[in-house]
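Here is the structure we will look at, set down as structure tokens.
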Amino acid sequence: MVKINERELTLTNLDKDLYPSFGFTKARVLEYYGAIARFMLPFLKDRALTLKRYPQGVENDFFFEKRCPKFRPDWLETAEVPYGDEKKITYCMANNVETLIWVANLASIELHVPLATADFPNNPDSVVFDLDPGEGADVLDCARVALMVKDLFLGLKLESFVKTSGKKGLHVFVPLDPKRTVFEDTKKFSRAVAEIMQKNYPNLVTAKMNKELRTNKVFINWSQNDPSKTMVCVYSLRAMEAPSVSFPFSWKELDKAAKTKNPDKFRVLASEAAALTGKNEDFYKEMLDMKQRLPNT
Amino acid sequence: MMKEQNTIKSATDPGGKKKSIPQEPASQGIWSGTISFSLVAIPVRLVKSVEPGRVSFHLLHNRDYSPLERKMFCPEEEKIVPPDEIVRGYEIQPGKHILVTGEELESVSPDRSRTIEITEFIDIREVDPIYYDHPYFLVPLKGGEKSYSLLVESMRRTNKAGLAKFVLDEREYVVLIVSRDNALAMSTLHYSDEILPMALVAAEASDEEINIVKKSIKAMMTDFAPEKYSNNRRQKLLDIVNKKVKKKSEVKAPEVEEEEKAEGMADLMTALEKSMRTVKKNGPIKHGKN
Amino acid sequence: MPSTLWIGNIHFGALIVPVKLHTAVSQNRVQFHLLHKTDRVKLRQQMICKFDKTPVPAEEQVKGFQVDERKYVLMDPEELEQAEPESSRTIDVHEFVKTGGIDPVFIERIYYLEPDAEAKSYGALAASLKDLDALAVCTWVMRKRAYFGAISSTGKALRLNVLRYTDEIVQAQSLGLESFELSEKEVSIGSELINKLTVKFQPEKYVNEHQKKLWEMIEKKAHGQKITPLTPKHLKPTMPGKLLEALEKSLNRAA
């Protein structure tokens, strides 16, 4: 039983090893989220949270949970958001550290959020370029693609930001003004970018979902720009063998890491994340205040 | 014409499922900005207050049942014109136009394109209904909920309405802001020089005639209950549609490749291609801000 | 007087009032044309088949009602006609209500009514409605469409107010607004401020300045002058914590 911000939380199974090959218990998971909270919360704020729970650890079954558990404490903020054609679902919103800890206590190792806030679910505040390496390609190829699209965007006077997925790929975001943006536009834009990259770099990039067509190429998954889709939140843990984190890189750092030709330079583990964020968090948070507009909208 | 209880609120298909026709959601981007009175500014967005009740049809091609869409056509070159080749102009002489860009239009009244400044309040009973044009609702944006509630409650208490000028698209309107059902409702008004004069009718009826009419009126006085009146045509059309669906006489439109170069896609592709050429030519650009 | 749109007869009880309908509002706006960038030719609209991308003449067009994605039910002209109301010149009055009873949001448009032929019944109706402060709720069919509305009187003249059906009006409740806790102080200052800023309604005061400026801009361009686009003004929203302060400052300014 702990108290965070005057609220009581009962933490359970703290000794359970959720990353058995590596050795990382639930206590460590909670500790990580507690330490990273102040950097992560602005990106979780007012967003409908999708939990990815691994109650028996990363080597066992997981399940996605969108509906905020009924047994939640009454101080936990929720939002009602339409899901597909159905009526609205009640989602948890991690607007404070106690909620983040409560959710992590449910062994929700990964936290996924939509590109729009819960109050205006059809208006994204960014367009995302989910760079996913196919069989035979790796994060270094993704980095090449990321650096190119970054320049492509600068040519359109758009700033962009990049983070690792925490697995094999990279996510590039172009922050937008949600008041002037709808998913229809971001989807069109990201698709156009994916296709033009495929046209100009056919051996490196594909815009097609088809697995066979992805071999040795980086797939730009433009279809993620949809109100029903979620992306793993920055600073979230990933359920890999080791507790890696979806971590932001500055473009300079990404370029540097790419030049080493060592894919490990892109891997940030929980312990490192906590130490690194002291320096870096300011630049990435700028993304939240940028109100750019897509060309021709 | 008077119908009993069955006003149709939304169309249903015979399966009872709610139809998911692609429709413009009411709360999406007509306009967003700030409404203010004196030094209080409230971020808001404009939403529709009226949903057309008419059943709408699509025009289809009788050969393949594909839906039709409106495109702009150049009669001189005899071809469809893509959006990036379309410009707006004002005809100063027959055949001679002055071109105007969207940016220039928005800049004509920069004060008023993103703000609605209430400069005075009036008693709403002084407004002749003939002035009302189109109704909207204002919905507060994040952070503006408290100021919004304050304006709603203060107007309700004083029973006053706010007057302001407002520019939407290329038009300037006088708007009336009222408090209704705990929300801010806004109506555009006509300008007084747009109201046509009504020829005064010198019709004099005798007191006796007037009294007879008054008697009839009094006998038929009641409370206004608009739900009694409904649009029969819609129900009739839906009945016809439902019968056809039951008989399985629907047609299917062919699939169209989504990559249509429509609606600004051409503009976008041009801009992207330009940027792409620079990227390929110059190599990596300096790293922007971060 | 603008041209007559329609002629009808108001009916209730034994009273028949023949009337002519006129528009009450005339908008004069700057009209823009859409032109082809290359040759400045005025563009026309055409219906294009989404599938084969060719223009489709009227004979090849059919009306369909969408029942699902890419699925339509064809409607032929006779069926559509069946759904149309029967033509009639009658404006049927069903009941009367007090003037204050209809919220302006119901009013879609207003027509002036002029007496057609004998004017006495018109005068009697106009005077009666005015004296009793009443409106005549009615229905009629005009140009194959069914309408619902209310007849009002200005004393000597009648107006036909076309009303919207209830299910066409968005209810405020559907907006999902939450009521906010306000202090009595805030509301009373807000109310005082409103009262201080209250004036008589004088619609003639309002002139369409945007139109004027638009004309000026067009003229400037016609004389080859450059236009510098200005950036729209954005007001900084008042934060909830600063609301009381803003209200007090406003009140001081208004005094």
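Chains here go by letter, A, B and C, matching the order in which they are written, and residues are numbered from 1 within each.
The definition used in the following text is that a residue touches a chain if its C-beta (ideal position, glycine included) is under 8 Å from a C-beta of that chain, and two chains touch if they have at least 3 such contacts.
Since the structure is predicted, the reported quantities are computational estimates derived from the model, not experimental observations.
Asks: Without chain A in the mix, what are the joined groups of chains?
Replies: Without chain A, the chains stay as one piece.
Asks: What is the chain whose Cα centroid lies farthest from the Cα centroid of chain B?
Replies: So the farthest one, by centre of C-alpha atoms, is A.
Asks: If you average the C-alpha positions per chain, which one ends up nearest the average over all of them?
Replies: Central chain: B.
Asks: Need the CA-centroid distance for the pair chain B / chain C, whole Å please.
Replies: 10
Asks: Using CA atom averages as chain centres, what separation in Å is found between chain A and chain C?
Replies: Their C-alpha centroids are separated by 47 Å.
Asks: Could you give the separation in Å between the centres of chain A and chain B, each centre being the mean of its C-alpha atoms?
Replies: Here the centre of chain B sits 37 Å away from the centre of chain A.
Asks: Any chance you could list the residues of chain B touching two or more other chains?
Replies: Residues 20, 141.
Asks: Given the complex with chain A, which residues does chain B contribute to the contact?
Replies: Those residues of chain B that touch chain A are 20, 25, 28-29, 32, 45, 141-142, 259, 264-265, 267-269, 271-276, 278-280, 284-285, 287-290.
Asks: Which part of chain A faces chain B closely enough to touch in the complex?
Replies: Chain A reaches chain B through residues 85, 119, 122, 147-148, 150-156, 159-161, 179-180, 182, 188-189, 191-193, 195-196, 200, 250-252, 255, 283-284, 286, 295-297.
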